[in-house]
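Next come two complexes built around chain A: one with chain B, the other with chain C.
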Partner chain A sequence: MRVEYINPFVESAYNVLTEVLGGEVKRGNLFLKSATKPVLGVAAIVGLAGEVEGRVLFDMSKPTAIKIASVMNAEEMTVLDDLAKATISELANMITAQAVTKLHELGFKFDLTPPALITGDNMEVSDQEVEALIVPMETEHGSVEINVAVRERS
Partner chain B sequence: MNIVEQKASKETDKLKKIDFKMVSFTLSGKDYGINILKVKEIRKAGNFTHVPNTPVYVRGVDNLRGDIIPIIDLRIMFNLPAETKEAGGLENIIILRMDELVLGIIVDNIEKVVGISKETIQPPHPIFGDINVKYISGVVENEDRLYIILDVDRIFGYVPPVEERQQIAEVKTLPPMEENPATDKRPSNESVESLDLQFIKETLGTFSGFYATALNQDWLKFHAVEWKTQRQAQGLDFQLTNSEDALEFLKVFPSPYTGRLWDPSDLSILFEHLDFEGTQITVWNPGCAQGYESFSLAVGFLMKYEEKNIKVWANDKDLLSISMAPSLSFPSVPEEYKPFMVETKTGYQFKTELKSKILFEYHDITHMNPFSDLHMIVARDTISFLKPQDQEKIIADFYEKLRVGGYLILGQNEKLSNSAEWKTVEWDDWSIYQKI
Partner chain C sequence: MKSKGDFPSINDRPPEGSKPDGSPYRVLVVDDSMFVTKQIGQILTSEGFEVLAVAADGEEGLNKYKELYPNVDLVTLDITMPKMDGVTALEKIMEFDKNAKVVMISALGKQELVKKSLLLGAKNYIVKPLDRQKVLERIVNTLK
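And then the complex of A and B:
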């Protein structure tokens, strides 16, 4: 993963999460992962295309997703319904879009795909020939892992 | 009942409930225990039949009422002092049974059977230095004595995990002298030397993540002797006891121009030895750290081939180092570098044009990557810091990813031993190889 890409993603994840959740957000240590990785339960995926190819995955547990959706909608939610799902997709969109905007300013141009939300138990994600950068974020409502796997088109 | 009394009665309850019994014994003055369910019997015996070519801790075999069982000296196995009995003297033996496996272990003194409550067993603490923590299943206090409970299944490798089996195999192949410094035979000089080297190798791995393999063994052997003489002259212990020692030991390992720009004349001599066909040249530079090497290579290449294009993929898994790489700046640079640089307030920086030829990536080379058909791989002093099994894999990977005629440059002190697939490019003492 190109070094110039790392900061925009970390920064925008931090900014957006702090802004929408209001509380304290802590960033864990970044690391690289290449093997298949378990997904916590709710995963929002945004694809990237253009000079690079890859995807950004936002991974959290179901209770965390419901709590985050509750805060963002300013109403108590108990199930992951359509509104809650749309909210999580929107969160993924906001973070990725802000990162891509920052990258655009640095001269890297790429496009986004609309976010897709996947839920279920015992899921795993594997990437062929791309290692993923994991940005763990600790919020008051639980942890959100941002998993960025992009590579240059060679 | 007040709280104190309640607590006290709870404590006694805990003591009363006995659901674990162990046979207690001593090894060099410390108390140990083994689950009684693993113990078949205890006895005294001596005059074991010696079996050649076994590890030194195997004292021999014994005839237990018609069954031949191996006798293992636990003290030697754990490198504890063992008093040698005169010929015919009897040893204290605990006969263990692990499913079908029956064997005897020699200990100092067998004490008694101690009954305890399982709840009072505490996990082992890593500072029980005598015996590796993985062989201890717990620690328990009883009547003011601290017993270390051994996990005999693990010690004798009864269905051990793969990793341990390897370790046991390693132990077996070592010459006996290395294994048991307590034996009273005079070691020959040669084995002392290999023991020293073995020790240095192991501590280097622990303290600095530098792994001794065929790649760096020549340097290591040579430097270990040098190091020992040097340290002894200074009145210091030659053994590496902490990471500072390990760093000191490795001080002379790095290749020239580590952490700085390469000397332009050396750079052009290097490229005189290399020959590239085609117009688009791809170079992979894993372990590039702050990127000095990557920039130097790009400049060296462009000095020789003005008309060709170069792309350098520079990787490192140290996020901090590589993050700084794209914006390196220098207070002064050699004249030859100047055409590729611009002068800014903070010093000389590389021109955007040159920067665009180098792609710095945060990447761990033990992971997958899409590189292929490369013209050159420069991985100096990088592979030695990978685990031995990864080192082998990466070198095979390098061969795979290079095109025929492509070059591999390793660190000055790293040499490929399997050169059937590689042709050595002779220049000074650089390690340059060409894929055949």
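And then the complex of A and C:
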């Protein structure tokens, strides 16, 4: 997978997380995972289809998701309820929209699916024939992993 | 000892959400994200606007507009929604009431749809993530 696909997602995740959380966000080191990867607990998934195809996963632990939703709603939340889930989906939406604008400017043409939120314990994600690049973003509420597995349509 | 009169009043400004006669501007919020409707609702009510109704898709938004007409002063309309998208809902609202004041809410990267909406009669647009200042500025300008 080409690194230029993940950079726009990392940049826009940095921008959006900094803006909505108002604190410091640090970019961790990029790593590659070709085998099955466990999901942290709450994952928003957005599909890409077009000249570039695959999926982007915004992966975080449940406590991190609840804390981020609390900050974005300016109220203390204790459970991952419908509002918290809508908040994390919207976060994924905002990050993806910004990244896709950049990718479109670079000349890649594709459409997106609305984000789906997956929650649970001991989940794994398997990507066939395409490896995933992962960049963890460290926020003061915990880590949000940007997990991108896309390829050019053959 | 300082008396009340020693402090300058910082609250002389009337809230942005009030009409010249003091009654609130009434807003219909159309968005499929509960997070966004809540966020817009909080920003608007804190400035004295009244959120008259909330709709979760374009079709519901259109029906609510017709039902509440002529009591809606402004509509915020998300672009990407299930059942009926915001651009189609805008077109139908404008067909029904050519004086409707609609502000589009868009994610980044939808320039073409925003442009189309403005040509169809939307008065303004706001790009997410939403912040208080941006939302109030665009909405107040639209109502002027």
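Here is the rule we use: the second predicted complex is superposed on the first by the 153 of 154 C-alpha atoms of A that agree within 3 Å, B and C clash if a C-alpha of one lies under 4 Å from a C-alpha of the other, contacts with A are read in each partner's own complex, and residues count from 1 in each chain.
Operating definition for what follows: a residue touches a chain if its C-beta (ideal position, glycine included) is under 8 Å from a C-beta of that chain, and two chains touch if they have at least 3 such contacts.
What you are looking at is a predicted structure, and each value in this text was computed from that prediction instead of being measured.
Quick one: chain B and chain C on chain A, clash or fit?
Because the two structures are overlaid on the shared chain, the partners are seen to fit without clashing.
Just checking: does A:Glu129 make contact with chain B only, chain C only, both, or neither of them? Give me first, second, both or neither.
First partner only, chain B.
Does the superposition put A:Glu152 against chain B (first), chain C (second), both, or neither?
Once the two structures are laid over each other on A, A:Glu152 reaches chain B alone.
Just to be sure I read the superposition right, which of the two partners does A:Leu40 touch: chain B = first, chain C = second, or both, or neither?
The answer is neither, since A:Leu40 touches no partner chain.
Should A:Leu30 be classified as contacting the first partner (chain B), the second (chain C), both, or neither?
The answer is first: A:Leu30 touches chain B but not chain C.
Determine, under the contact definition given at the top, whether A:Val3 touches first (chain B), second (chain C), both, or neither.
In the superposition, A:Val3 contacts chain B only.
Counting only touches as set out at the top, which of chain B and chain C does A:Ala86 meet: first, second, both, neither?
second
Please indicate which partner A:Ala49 is in contact with in the superposed arrangement: first for chain B, second for chain C, both, or neither.
Neither partner.
Looking at A:Ile118, would you say it contacts chain B, chain C, both, or neither? Reply first, second, both or neither.
So A:Ile118 meets neither chain B nor chain C here.
Please give the least Cα distance, whole angstrom, that chain B and chain C reach in the superposed model.
Minimum C-alpha separation, chain B to chain C: 24 Å.
Overlap of the chain B and chain C footprints on chain A, residue-wise?
No residue sits in both footprints.
Across the complex, what residues on chain A touch chain C?
These residues of chain A touch chain C: 16, 19-20, 72-74, 82-83, 86-87, 89-90, 93-94, 97-98, 100-101, 104, 114.
Where on chain A does chain B make contact in their complex?
Listed in rising order, the residues of chain A that touch chain B are 1-4, 6-7, 30, 32-34, 128-131, 133, 151-152, 154.
What residues of chain C sit close enough to touch chain A in their complex?
33-36, 38-39, 42, 80, 82, 107-110, 128-129
Please give the residue numbers of chain B that touch chain A in the complex, ascending.
By the definition above, chain B touches chain A via 317, 319, 322-323, 325-326, 359-364, 366-371.
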